[in-house]
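Both of the next two complexes hold subunit A, though its partner changes from subunit B to subunit C.
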Partner chain A sequence: DSHTQYERVGADVTMKCGSMDWDAAVTWTVNGTDIDESHLNGSYLILKNVNLSQSGQYACYEGSSWHLKYQTSLRVGMPPKEPVLMCRSNNYPKGFYCSWHLPTPTYIPNIFNISVIHGTKDMVCEKDATPKNRCHIRYLQLFSTVKYKVTLTVTNPLGKNFTTLTFDEFAIVKPDPPESVVAKPVPNNPRRLEVSWQNPSSWPDPESFPLKFFLRYRPLILDQWQHVELSDGTSHTITDAYAGKEYIIQVAAKDNDIGTWSDWSVAVHATPWTEEPKHLTTEAQITETTSASTSSFMAPPTTKICDKGAVVGSGAVAVCWTAGLVVAAYSVLFI
Partner chain B sequence: MAAADSPSAALRRDLCSRGIRLAGKMRADVVDLLDAYVEQQGLDASASVAAVEGVPLAAVERWDEQTGTQRLLENLAAYRAFRALLAQMLEEQREQLGEADAGLGRALAAVLLQVSAFAYHLEELLRLESRGVPGEEEDGPPPPPRLSLFEQKLRGLGVLRELAQWAVRSVRDLRQLAKPSPATGTAPGLAESP
Partner chain C sequence: GDSWGIFTFLCAALCNLPALPALNCSEELGAGQSIQQTYDLTRYLEHQLRTLAGTYLNYLGPPFNEPDFNPPRLARAERVPSATVDLDLWRGLTDNARLAANYRAYSRLLCYLRVLDEQVGTAELRHRLAHFCASLQGLVLSIGGVMSSLGYPLPAGPAGTPAPPGAPAAPNDFLKKMDDFWLLKELQTWLWRSAKDFNRLKKKVPPAVVTLRLEARGF
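Entry: the complex of A and B
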């Protein structure tokens, strides 16, 4: 009959061939492949300092008859390290969830057991189907000053470990990031960007439990963020954008009264409106028909030669004017 | 939408908004007071304090199912109790420490004032709903037995923690109250008797 044997990485393993005597002639196989006699001590199989790759199906056969005398599945692994546990309420005031994982794999099956105590009361944390390392709890009471104590125990055939979290109802409240963040330029406004977003769909009652928001934005070319905190509304107009520069924008949310800020939303990019200089259209047409040798005079159509918004001064105007001259010259050539 | 704009509905919304601001400010001050109290009294901020007799607990089951009247009555009872508890703490403070903790005494007095103001505000809301405002007991509960200095400090911690919790709950309660009911335009739960 066959069974499973769990051993620690680095352990020395001795396998006996069932009830066979020590001096019996046997052959050992691993996953169907014969094992060299050098690993044998009599009929015992000796595996020193086992590693993960030595996991497998081991079988022992009587020498001449090739009768199967013993088989076992060897699983090499490790006892669990202290698990990492996190609890959070992203759907306040409905409840909270806890999720966990092991910092390093054990390579063998683990069983997780979670207990939640509120004062003297035991609460049931219902396991989610997916992901499997998560469970959720419904709040039975709100506004309690009594702390919650969550203990997670992990057990496998080689050992056991646990971790405990203690927290207040308010402390773990952290919404999901805002959704559907959209940033648009404002026509005829070279320094504005209109940003709008929605409450995270996981937040059950934004009317009774309103969220406040934090917006951050910066041009791609700079490292420094600008910040705006908004106590209501799900939109904001940035009015100090650098003209013509592409911006990266993110929003975070927090319950108005308790808990912590959400993670930043997915970043959106937007560039404020710029006036299209009229001669750029002509330039595009010329670039198509111009041969390669003249390309040093002509910038590719996507480059803004006339960055009027960024620099107000004779320099920018001169560049525009020069480009205009060049374009005019080529227009004449090709007419 | 004519019902939503009725004068009493507008007044209730106004009272609720002001109440929310009062409660928000009160909470911020209570949190600051808690920090100062813990430090000055030499307490451990994370100490668990068993439920103290006479301190109204903010914890509530089925909070979302409460009627508007229930909310107002429970809030009023709580803040009346806090008014008495804070007055007692102030008294003990003055007895014990004289000049050393004048700042703490002032902060306590300021919070006591806000608690009284909020209790009055709640009475206004109840009157608006033509609800009788429950009278306060003339004699109040019997004076509690004299506690040791340490027990007084721990009880003070319990009182302030529970008050901070109540301040958050009151904001939530008033937001619920301020919501117009879709059919009648009046707040849910206030039109019917409890």
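Entry: the complex of A and C
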């Protein structure tokens, strides 16, 4: 019959060949490969200072008959360190979730057990299917004066550890970042950018629990952010952008009254509207009529290349110029 | 013994003063009162309370001023209606019920804080408490103003004596401090709740409506 044996990294392991006498003649194998006799003490297998690579299937055979006398699966690992636990309410007032992980791997199976106590009441934290190592709780009552105490215990065959978090209902409120952040230039306004976004979809009731927002923006070429705090609305027009410079923009959200700011949203890039260089436009107008039917080179009007809507980088200006030059060159050929 | 007697007397004296005459005297109430102002007041008070609570808990000393201090709620009579409420119940509150709950709670909290003010040791604390009580009084009047302008009757006084005869006196110094701790906690929680209450009211009763009704009543 087969066993599983768990041992700590660095431990000395002695394996007995089942019920065989100490002085019996045996052969040990690991994952099917014979083990050198130097590791044997009589019929015992001695493994000193085991490491992870020594995990495997060990078997012991009687010398002459080659009878399988003993089998074990050796798993080398470590007892768990103190787990890392985090609880957060991104869907206030519905409830909160807790997620956890181990700071270092143990290399053997671990079992996590989570308990939530609210005052004198035990609450059940329902485990999520995905991601693993996460559970959620629904609030039964709101505006509680009593703290929540969450204890996470982790156990494996080599040891046990735990951690505790105690918090007020309000302290763990942290929304998810705003979604669908969009930044657009404003036509005929070289210093404006129009930014809009949406409430995070996980926030269940923005009517009764409104969010406020924090916008930050800077041109790519500078390190200093500019900030705007907005107490309502999901859009804002930046009016002091540097003309022609590409900007990076992010938004964060917070419950109007309680908790902490969300992480920053995904960054969006935008460049304010710039006026078309006048002489290029003239060239384009001339060559449009002559090159359209005869040239296989796809030369759309210069303005189209430069007009890229939401994502306009300084690189596009270079394209404009190149396209203009090429068009100019062709026009010379055809005149 | 006699501290209990003083407590009851002070509360009875301070708390049975009807709120309405004060309402009539103040010029800022009536038309000017809006839900937005009340909301802003709760935020201001919440901010003030953070400093006040810190100072007061330090005055009480350990373990009350330890951040991890998480005592069990002792089975003593609840002096103040708790802010804690079932989610669906809270959602379903009528405007009148919502406002009344806030009015009642702050009236009683104000009363207890005033008593605290009388008893407290240091001059600094007395000054802070007095300032906070003045602001809290403003909040009570503000809520009362909103209720009146919406045509709701004010809840009758702070429900008789706020210290119901059944409530046992704190038998020792530690338990008295515990009572103070919970009072501050309850106050803090109410201020958090009120922000949400008034957010909800803001959406349902825009300030314009409040003004209209006042005009109709000949203010």
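One rule holds in what follows: the second predicted complex is superposed on the first by the 279 of 335 C-alpha atoms of A that agree within 3 Å, B and C clash if a C-alpha of one lies under 4 Å from a C-alpha of the other, contacts with A are read in each partner's own complex, and residues count from 1 in each chain.
Going forward, contacts are C-beta pairs under 8 Å (C-beta built on N, C-alpha and C of every residue); 3 or more make two chains touch, one makes a residue touch a chain.
Note that the structure is predicted; figures quoted are calculated from it, not measured.
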item	value
Touched partner set for A:66, first subunit B, second subunit C, both or neither	neither
Touching partner for A:149 - first (subunit B), second (subunit C), both, neither	second
Partner chain(s) touched by A:120 [first = subunit B, second = subunit C, both, neither]	second
Dominant toucher of subunit A (residue count), subunit B or subunit C	C
Touching partner for A:170 - first (subunit B), second (subunit C), both, neither	both
Intersection of subunit A interface sets (partners subunit B, subunit C)	93, 140-147, 170, 207-210, 257-258
Interface residues, subunit A side, partner subunit B - complex	93, 140-147, 170, 207-210, 257-258
Residue numbers on subunit C that touch subunit A, as the complex places them	43, 46, 68, 70, 72-73, 82-87, 90-91, 182, 185-186, 188-190, 192-193, 195-196, 199-200, 203
Interface residues, subunit B side, partner subunit A - complex	24, 27, 48, 57-61, 63-64, 161-162, 165-166, 168-169, 171-172, 175-176, 179
Partner subunit C, residues of subunit A touching it in the complex	93, 119-120, 139-147, 149, 166, 170, 207-210, 256-258
